[in-house]
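Right, I'll just put the structure down here and ask away after.
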Amino acid sequence: MLFHVRMDVNIPHDLDPIRADELKRVERERAQELQRQGKWRHLWRIAGQYSNISVFDVADPQELHDLVSTLPLFPFMAIEVTPLCRHPSSIHEDER
Amino acid sequence: MLFHVRMDVNIPHDLDPIRADELKRVERERAQELQRQGKWRHLWRIAGQYSNISVFDVADPQELHDLVSTLPLFPFMAIEVTPLCRHPSSIHEDER
Amino acid sequence: MLFHVRMDVNIPHDLDPIRADELKRVERERAQELQRQGKWRHLWRIAGQYSNISVFDVADPQELHDLVSTLPLFPFMAIEVTPLCRHPSSIHEDER
Amino acid sequence: MLFHVRMDVNIPHDLDPIRADELKRVERERAQELQRQGKWRHLWRIAGQYSNISVFDVADPQELHDLVSTLPLFPFMAIEVTPLCRHPSSIHEDER
Amino acid sequence: MLFHVRMDVNIPHDLDPIRADELKRVERERAQELQRQGKWRHLWRIAGQYSNISVFDVADPQELHDLVSTLPLFPFMAIEVTPLCRHPSSIHEDER
Amino acid sequence: MLFHVRMDVNIPHDLDPIRADELKRVERERAQELQRQGKWRHLWRIAGQYSNISVFDVADPQELHDLVSTLPLFPFMAIEVTPLCRHPSSIHEDER
Amino acid sequence: MLFHVRMDVNIPHDLDPIRADELKRVERERAQELQRQGKWRHLWRIAGQYSNISVFDVADPQELHDLVSTLPLFPFMAIEVTPLCRHPSSIHEDER
Amino acid sequence: MLFHVRMDVNIPHDLDPIRADELKRVERERAQELQRQGKWRHLWRIAGQYSNISVFDVADPQELHDLVSTLPLFPFMAIEVTPLCRHPSSIHEDER
Amino acid sequence: MLFHVRMDVNIPHDLDPIRADELKRVERERAQELQRQGKWRHLWRIAGQYSNISVFDVADPQELHDLVSTLPLFPFMAIEVTPLCRHPSSIHEDER
Amino acid sequence: MLFHVRMDVNIPHDLDPIRADELKRVERERAQELQRQGKWRHLWRIAGQYSNISVFDVADPQELHDLVSTLPLFPFMAIEVTPLCRHPSSIHEDER
């Protein structure tokens, strides 16, 4: 099932830059791995902001939480989750 | 280019039901036509709300406005537009 | 899976009282039927407000939407949905 | 009586990690003890957030305050309290 | 126990004036009766607004809801409820 | 005259604990002195929060400011002031 | 004493125009009378809005309420009141 | 001098359509006249919304108010005004 | 011309106290100088808050910005600016 | 195409002043270079605030993001982006 997730990243300016870079590197690897698995179905940058809009395809809210809360930047993100379903005007049987 | 659009529909309770049904019927036809043209790339219902989250693929903000502002339910929708671009961690060359 | 739902009811003062009463009567029947089916797991009144806080146990966001959007008072409710999962400090294996 | 409580945890990034872990460990023990006593009736994780939604069953607002304000993470939580009562459409005599 | 209640009144301009006056008259009688019973412990007007700040002394949230939701102006009020308890710096044993 | 005051306390986690305790001790003494003088007429704890709701009885806004802005925790409080007056439905001649 | 008051006027479009004009005429007379009495000390239009920012000089919050709540447009105004006092950096002994 | 103005138009659905069209026609003529006079320096549509972002070049806030408050759609617009000045990093001597 | 300005001061608790006192001393001198020049026409303290409400009388938005942005406490203030003009119900020809 | 961008700058008070000055110097150079290239079409200071309102003329949201996210002060700015298009009442064929 699909969940729409907005993530706004806010890394404190006094975080050690080496640690910050390492967090970002692992975050990127993890994001790409989840995309390849089909769990992180869409990943867009919001133009002009250190934010993304994503759509996750997971088994249930538990899996969504497990994926999102273990992202390296999770402690520095404000996250908003919106559950999605098929729109009755969609031309696709399966909205995924 | 891609624009993320959230539409919250609020039809006044004293609108003539026949007119409301006609507006919804034409809205649906228009939404499906735009999907078939590839302009209305994604269309999801927000679970539990008379709202959708959409992604439009248009030539520019002008085309986005022309498409959205001529929807039959436009006068009864609160609309929020967010420009998107490719995320640097995306595994796709072209995020569309 | 569980979804936390808050519903704030706002019936327009110029709605026909007989229609309003009928809507409330059917809403009540539907709410009780869904409780008996185990879909509407919790239903509380917020003290001092024409609002409720509910927890639904459904198969997916689609079923949640189908249940909530067909409630008779749906057009007159502001609805907020929050997906839930098991808390790691819970003493129950299954949080439902 | 029942109180709906939402807790959003925000641990400062420059808090000593050892102290943070100790706070979380004691918080967990305390939460489980209160669940076993029946005071902390429901405890759910909000999917995708370091937040929980809880329902407490206490004698009065004073007991609620005593329980919540002595949680180890209390200084790092934004807390919202909503008093609940039985919903007239509930199928249970006692909503607890 | 004590609940702090703020009520903002907003009577629609197209409500029949005779009905509005009758609602206000009964509201006033009911408010005074509840004050005499000691249930409506404090009742202040917010200067410059059609609003009041009140403190109710009730047995539980259920009684609070029963009192507030049966006020004649209830359908036209935005209501905010805050549970209170004794402040540790109070000079009174019983804050009521 | 009466002013309704809400104070939300937020002590920074990196404030020296000895200084914080001293501030709280003096705050408490000052609050009790003002209560005995009748200036700080009501003082309630908001259940579940490090906040209070108070009613001050002062000569004018200047006295209110002098009292509140010299509280030891003033630099760490968000404060909201609402002027009150007698409610026309009050059963008391003098609302104080 | 001084109170800062912001008034945002919102006259419903379906109010009888003759009644609206009469309300505005009496409002204007009343505003000018209160200015001549020195009660309505300052009265500014906010540029670009049907709103004003005012400073009232009254005996207490009760007088402020009596003046403001009897303005003919009171039912159609959102009103925000802020109590003022002398600023310690003012060059005037009496800020009024 | 320059003022940034955002206007959000919200025409009630029960306004007579002939009157609405006449208001829009006169609004358009007035907007074009003010553009030709150089008073309404910039006028953009916000993509996807019945809103505009404008920059006015006027003698003072009074002239801004006189221009904006006499627009035919003024009663149906939410308006936000922001005063502008030259940015120190601008490459132009005169930002207009 | 007149601009209404609200300033909310928030000095970080870890700012060096000697520097903070020096900033406040110079701020006060500057505020008094601008009052004597007639530029800072009104200066009120908001009762109960480390905030002021001011009215500036300046040649244009540029002068307002130059005055406000060079105040020593500017980096620690949230500032809200509202342009004012004469109210049509004012009894004065010149509202200044 | 045009994007309206508001940037609110908030430099932490404990950032090294030399680094802050260097960031501002490079920011200024970059802003002027982008203006000369015609990418940063308008740049205004908001009077009384450490904020600007800008209009960018770019090829697409990707270019907007690349320009804005590489500004030296980007980590210290809250940024709001609004896509613009030609207004139907504009007197210019090309609104740019």
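Letters A, B, C, D, E, F, G, H, I and J name the chains as they come in the text, with residue numbers starting at 1 for each one.
Quick note on the criterion: contacts are C-beta pairs under 8 Å (C-beta built on N, C-alpha and C of every residue); 3 or more make two chains touch, one makes a residue touch a chain.
Just so it is clear, the model here is predicted, and its values are computed rather than measured.
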{"item": "Pair sharing more residue contacts (C-beta pairs) when A-C is set against G-I", "value": "G-I"}
{"item": "Superposing rotation of chain F relative to chain J, computed on C-alpha atoms, to nearest 5°", "value": "145"}
{"item": "Rounded Å distance between chain A and chain I, as computed from the means of their C-alpha atoms", "value": "43"}
{"item": "Centre distance in Å when chain H and chain I are each reduced to the mean of their C-alpha atoms", "value": "28"}
{"item": "Sequence positions of chain C contacting 2 or more other chains", "value": "2-3, 14, 45-48, 61-62, 64-65, 81-86"}
{"item": "Touching pairs among all chains present in the structure", "value": "A-B, A-C, A-D, A-J, B-C, B-H, B-J, C-D, C-E, D-E, D-F, E-F, E-G, F-G, F-I, G-H, G-I, H-I, H-J, I-J"}
{"item": "Touching residues (chain side chain J, partner chain A) in the complex", "value": "3, 5, 12, 14-15, 61-62, 64-65, 68-69, 74-76, 79, 81"}
{"item": "Residues of chain D defined as touching chain A within the complex", "value": "11, 13-14, 45-50"}
{"item": "Contact set on chain A toward chain B in their complex", "value": "2, 4, 27-28, 31-32, 35-36, 42-48, 52-53, 82-91, 95"}
{"item": "Residues of chain B that touch chain J when the two form their complex", "value": "1-3, 60-62, 64-65, 81-86"}
